[in-house]
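One structure below.
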Amino acid sequence: DFLNALEEVHPAFGVSEEELEQVMQNGIYDFDTAVDEFLRRGKLLVEQVRSSERTPLVSVLLYGSPGSGKTALAAFIAKESKFPFIKLISPDNMVGFMESQKVQAITKVFTDSYKSPLSVVVVDNIERLIGVDGLDYTPVNDRFSNSVLQTLLVLFARRPPKGRRLLIIATSSLLSTLKKLGLGEVFDSEQLVPSITTIGAFNHILRKVKLFANNSQLEDALQRLAGLGFRTGDTDDLDFATDEAFPTPEIGVKKLLSVIEMARQEPENVTKRLVDGVEAVARKRVRDKNALRYADA
Amino acid sequence: DFLNALEEVHPAFGVSEEELEQVMQNGIYDFDTAVDEFLRRGKLLVEQVRSSERTPLVSVLLYGSPGSGKTALAAFIAKESKFPFIKLISPDNMVGFMESQKVQAITKVFTDSYKSPLSVVVVDNIERLIGVDGLDYTPVNDRFSNSVLQTLLVLFARRPPKGRRLLIIATSSLLSTLKKLGLGEVFDSEQLVPSITTIGAFNHILRKVKLFANNSQLEDALQRLAGLGFRTGDTDDLDFATDEAFPTPEIGVKKLLSVIEMARQEPENVTKRLVDGVEAVARKRVRDKNALRYADA
Amino acid sequence: DFLNALEEVHPAFGVSEEELEQVMQNGIYDFDTAVDEFLRRGKLLVEQVRSSERTPLVSVLLYGSPGSGKTALAAFIAKESKFPFIKLISPDNMVGFMESQKVQAITKVFTDSYKSPLSVVVVDNIERLIGVDGLDYTPVNDRFSNSVLQTLLVLFARRPPKGRRLLIIATSSLLSTLKKLGLGEVFDSEQLVPSITTIGAFNHILRKVKLFANNSQLEDALQRLAGLGFRTGDTDDLDFATDEAFPTPEIGVKKLLSVIEMARQEPENVTKRLVDGVEAVARKRVRDKNALRYADA
Amino acid sequence: DFLNALEEVHPAFGVSEEELEQVMQNGIYDFDTAVDEFLRRGKLLVEQVRSSERTPLVSVLLYGSPGSGKTALAAFIAKESKFPFIKLISPDNMVGFMESQKVQAITKVFTDSYKSPLSVVVVDNIERLIGVDGLDYTPVNDRFSNSVLQTLLVLFARRPPKGRRLLIIATSSLLSTLKKLGLGEVFDSEQLVPSITTIGAFNHILRKVKLFANNSQLEDALQRLAGLGFRTGDTDDLDFATDEAFPTPEIGVKKLLSVIEMARQEPENVTKRLVDGVEAVARKRVRDKNALRYADA
Amino acid sequence: DFLNALEEVHPAFGVSEEELEQVMQNGIYDFDTAVDEFLRRGKLLVEQVRSSERTPLVSVLLYGSPGSGKTALAAFIAKESKFPFIKLISPDNMVGFMESQKVQAITKVFTDSYKSPLSVVVVDNIERLIGVDGLDYTPVNDRFSNSVLQTLLVLFARRPPKGRRLLIIATSSLLSTLKKLGLGEVFDSEQLVPSITTIGAFNHILRKVKLFANNSQLEDALQRLAGLGFRTGDTDDLDFATDEAFPTPEIGVKKLLSVIEMARQEPENVTKRLVDGVEAVARKRVRDKNALRYADA
Amino acid sequence: DFLNALEEVHPAFGVSEEELEQVMQNGIYDFDTAVDEFLRRGKLLVEQVRSSERTPLVSVLLYGSPGSGKTALAAFIAKESKFPFIKLISPDNMVGFMESQKVQAITKVFTDSYKSPLSVVVVDNIERLIGVDGLDYTPVNDRFSNSVLQTLLVLFARRPPKGRRLLIIATSSLLSTLKKLGLGEVFDSEQLVPSITTIGAFNHILRKVKLFANNSQLEDALQRLAGLGFRTGDTDDLDFATDEAFPTPEIGVKKLLSVIEMARQEPENVTKRLVDGVEAVARKRVRDKNALRYADA
């Protein structure tokens, strides 16, 4: 099955396997049916590139709040494709680059990809690549690299040469800002990265990471989390969270793992620290989401 | 007849035939009478340049929403002219160029064209050449290359030397923005690229691409598309869509082809994926069109 | 007489006759009494420079909507002066120049002119020389070359050395913008280029260009044009058009010639194409004029 | 007497006499008692520099509408001082200079002046030196050379070395803009250049320039000018014009001389052209003055 | 006990002990239980980095008003960790650096830290590193180094290589500005630096610094300080100050020490000077805090 | 006594005595008790630096309207300290410097000061060093050198090395602007420079400068000045002027000396010129002060 397939990819031309592994070193927890559905859709896009003659270029944007797991999921889908060319474009490798060096580095990855019959290019953290300076939605906020932006706008739409096929997986936490920058029309598909919104998801993860010594402690924690507004049912629709009129709390999986480790430091206080930490993050999320929805309207 | 003439153009000085072919590799579907009318008008402009002494320079802007088929239609008209000099100026070939390099490259194509008695220059995707950063209609949004813009403004109006004639075909998805930049007065003619607004057009295309196994499936899909608001009659006037008070849904042909290929990946779900995909794009279109109309008022 | 004097100018030091001819290659039609008056005033300015000791520097701005004939008229007046030094400063010859190169080229023409006892310098299309980016009347629109602007502001006011006399003829389509840039005070005189506002003017031009096969076709066309709001009387005052409370439609002569040639391509539809084309341009004009008047208030 | 003293200045170290003559080549007409008062005050400032130990640096700003005679009056006062060092800093001599070159040229004149016991430096047309781009009073209008501005701000306040004395005469048409730029506090004195506001002043000048063949023509013209609102009495106070609640029309002497020469070209129409020309300029002045007063409030 | 452990750190690779000592040369006064709690939380973060496998990168932001003791506390926590690599990134060492030099210097410290198994990097005074120009909360205030900001955004989130662990301690007085710049999501934890809000805290410090000759003078001073609104009870919750609806006065410990030394200069007036000085600072604080709270809402 | 101590400072390493003398060449008039109090406070700060171990760095801002005597007073306090290192950083010595040169020059003075056990650095006219362009309080007014600002922000807060002590005396006329730039928190003390607000102060100065021939003339002048609103009592509190609800007129001592010398030129009119000159300046002051108070609120 696709989800548990984290194994035997043969080393191949143009694949930096170690880098892919590193960004998902805590694994991928299957904490929700939304995660299954998300990965199934990712796989379909891979298959489309592999098989459809009419669409040699397919691009998808994975978006979600900071720490929701975007980078890990992009890497997972890329690796599972087993395409001969898989590359990750990340701001982590461009610290201190000048604009022109960024443009050159990005362009090179795409130009290289055009030499392989089947390629995946992951463009991680677009807002950081472009250097957008925050969550400010004002029209005058224009401190970013327009040359990097224009390069991406063209590369995301440029067809590979005859006989070559390319899947572009981009990630971002700033969907509204991207749209304002003209990146709202360029992707063939946009997928919301599932975050943790249900008690079931907490249950799944808390068991995996073994935070609690016994079941009754765990039950107590889950009850307190339910008190924060997390739903006790299951998610049966991927877009559930965004369709609701009333925003429910949510927390990204990476953020949750961070809160868990911080709580682990105070064994005598672990439940309080966990719940307080989740609450602090989740409250911000609700606020941001409202802003997001407003900005997308 | 003009529409089906995609054949035997003899190789000629100054024509990059392969490039022209590539941008219309999925062919031109005659999905609507609006397409015929559009191409007839394009042909008339070609004839004007060929024959009229008084207008050695004719320029036309093809505008329409992203993915509506602008590039393919510009290439088609250019190729059909069979003029000895046909060149495509595209942002795809200027990735990573500095402003001054863009200005130089653009200027060179025009200067070369002045050496041929009859020329067509396609200036594709003006907003991307200039580097305008999005759909933001605010007056302060001035992140673009003013030097490229000023170069285009002059070249679009500069008469070729005595005895030379030139047709300029420009394309853009951002009509209102162009107007704000002073590009609203420079073209002799502006043509809206027809997009898909009728069930008849869907019927035409869905049959061509053979998405459905049988007719009843197709009928079912068309019925659901009608449910989205697409009209069941025919377009008899090219400007119909923009003259209406109440915006009707629409989708560009390139976008539709992309949605179709994505749907094809899920044979068990093909109708749902098709209709959902069309709806997602069409809803955006209606919104953008309102903005467009407002901005043009 | 002055109007029909397009002949025997002797080649002279500092006159680029060919360039002057080229910009008025379709001739100057005497379509209205306003054209006579306009040219008479131009001639008076030439005489003032030639004869008055107290004003060795005289400058005039010819303004009017795009395609109204500004460049042709400036060239005509300049050529008729028969001054030994006549030069045209045009953005057409500065494509791709950097700011400093523009400043240098402009300065050189003026410095050269100071060596001739009598000179005319035509500064064509000021807004394009400065690189103002459009028709936007907002105060924040500051995308232009301030160094070119400052150079012009000083050169337009700098007296030639003792014993030298200079006529500056500048042209522009953006009167309000120029005023906002501080160019509203520098000219000794400002002249509105007459555009076509009467049926009589249409009649004059349509006969000259022989668009129609017979008189009844012409009469029919004129009647339909009258239906658009063009006046049937004559203009007896140059400033008539701008003094009215209710804006009348108008179209520049260059624009009209372009519409005529386009209509000529469809013999079976010529009247409809002509009237539609005129209407499309004229409607915009009314809108712009309102904006202009407002901005000048 | 001071007013008619345009004679026998002996050539001296550091005085560019020719340049001073050139900027007042049409002479200084004593058209009003306000002119006498203005010059008397100028002379007092010269005497203060010559005699007072406590104020080795005195600076005055001559301001008035474009063409009011600022440059000529500054040159006249400077020349009459007969100080051994008199220099004119003018944008006319800095066409095409880069910011740093302007800063250097300006600084050099001041540094040179510090070597003479008594000096006058005329800084003509400050707004053009700084490159302020117009009459726009918006706060965002910041297209100018801040480095030139900062240089002037410091030089206008820097005391000359021990034993040296300096009079700075600056001119400007944009008082309000200067104030917004921080130049409102730096001058020891500000003098409004008198413009023509009375019929008496017109009478004085029109006689001097001999525009009319006979007295009755002149009388007729003066009557029509009175019809425009120009006052028939005399100005007995220099600040009269600005103290009034209701703005009276006015025209600068340089502008008037330009209108006169233009009218002289049409002998048959001379009165109409004169009055029309004066009216056109004067109407603008009233408007600007209101803006000025508002901005100064 | 942790608080009084300011002793025997052994010199180690990559630790600049002297620099750490210098920034806390006035010692750390334990003036409140909030100080204990603050230091306890700091120690927990150190332990998390030392022990937890899942979080090799932990980052904390210490924020508080200017002079509240941020730098001293950051240095104290860092030094107490006794990690082999401890470095301080401070704007004090980058005076006169160009943007690119700052980026390089910052990047080097992080790159060096990746070579040690356990590291602490203190990034002091983020707003000064970035060069944000003040307390202005307007959206247009964009005078800062975006390249330094983008570098920090990436470095604060970049995982150290396998087997390395890193604690980042950042400090700032401009929490709201940081959030607007996109720095609101990057830290795993944010800690408010406790400032002096209670009479008990004053009592503690005033005794330590021996400002008063006798107890009755001290009592009198404390009573007057209570009159300014400082609370007489104790703080039992770290977040007390920010949770209140009605802002209480507060003063940073560094500011208080400065006021104390100034008062010490006027022995005859010491109480008045102390209370006036505290009042002046505290009043500003209340104002700023309101702004802060508003901006954070 | 401190006030009359303008004598026998021994030449010392690092003191530019001549420069200090030059900026107070008209002496320091003891026109008001506020002047005594001001100088007493200055002396206390000097003593604090000399004696207190805990505050090796003390900074004070002297602020007041243009021409109020800031530079002279800063120089006086510095000179009276008799510290071995006294330096003046003034925009007068940086005319034409580029930003980087300014940063370098400023940094050098501070670095040099760190070598002396006791130092005073006067940073004169901060707004001119930074290049802020005026009195405009709008948020978009950001024409200044951010790199100079950031340098000052860091240097004003950076502790001298162990065993060194430094007094920083800064001056400015634009308190509100400085605060907006983030300079509101950096000084340990802020002192308003006393300006002339009472008839007593006028009396003191007018006698010293011997403007009037006899006492009755003086009495008459003082009476007229009282008519302008200047108070007849004495100032007994330094902050009196700013605490009042209703602004009283005021004039800086430097401005007053300038008005006096100008009046001296017209012996027959001396009283009128004096009173008019004072009124013109004082009226502006009231206006500015309101703006100041508003901006500080």
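Note that the chains take the letters A, B, C, D, E and F in the order they are written out, and that residue 1 is the start of every chain.
In the analysis below, a residue touches a chain if its C-beta (ideal position, glycine included) is under 8 Å from a C-beta of that chain, and two chains touch if they have at least 3 such contacts.
All of these numbers come straight from a predicted model, not from anything done at the bench.
The chains in contact with chain A and with chain E alike: there are none. The angle of the rotation carrying chain C onto chain E, fitted on C-alpha atoms and rounded to the nearest 5, is 180°. In whole angstrom, the spacing between the mean C-alpha positions of chain A and chain D is 67.
Between the CA-based centres of chain B and chain E the separation comes to 58 Å, rounded to the whole angstrom. Shared interface positions of chain F, i.e. residues touching 2 or more other chains, are given as 140. Because contacts link each chain to exactly two others and close back on themselves, their graph is best described as a ring. Here the chains make one closed ring, and walking it from chain A through chain B gives A, B, C, D, F, E.
Within the complex, the chain A residues that touch chain B are 44-45, 47-48, 51-52, 54-55, 58, 100, 103-104, 107, 139-140, 142, 146-147, 149-151, 153-155, 158-159, 162, 179-186, 188-189. Residues 22, 26, 66-67, 91-92, 94-96, 98, 128, 131-136, 138, 140-141, 143-144, 173, 209, 257-258, 260-262, 264-266, 284 of chain F are the ones touching chain D in the complex.
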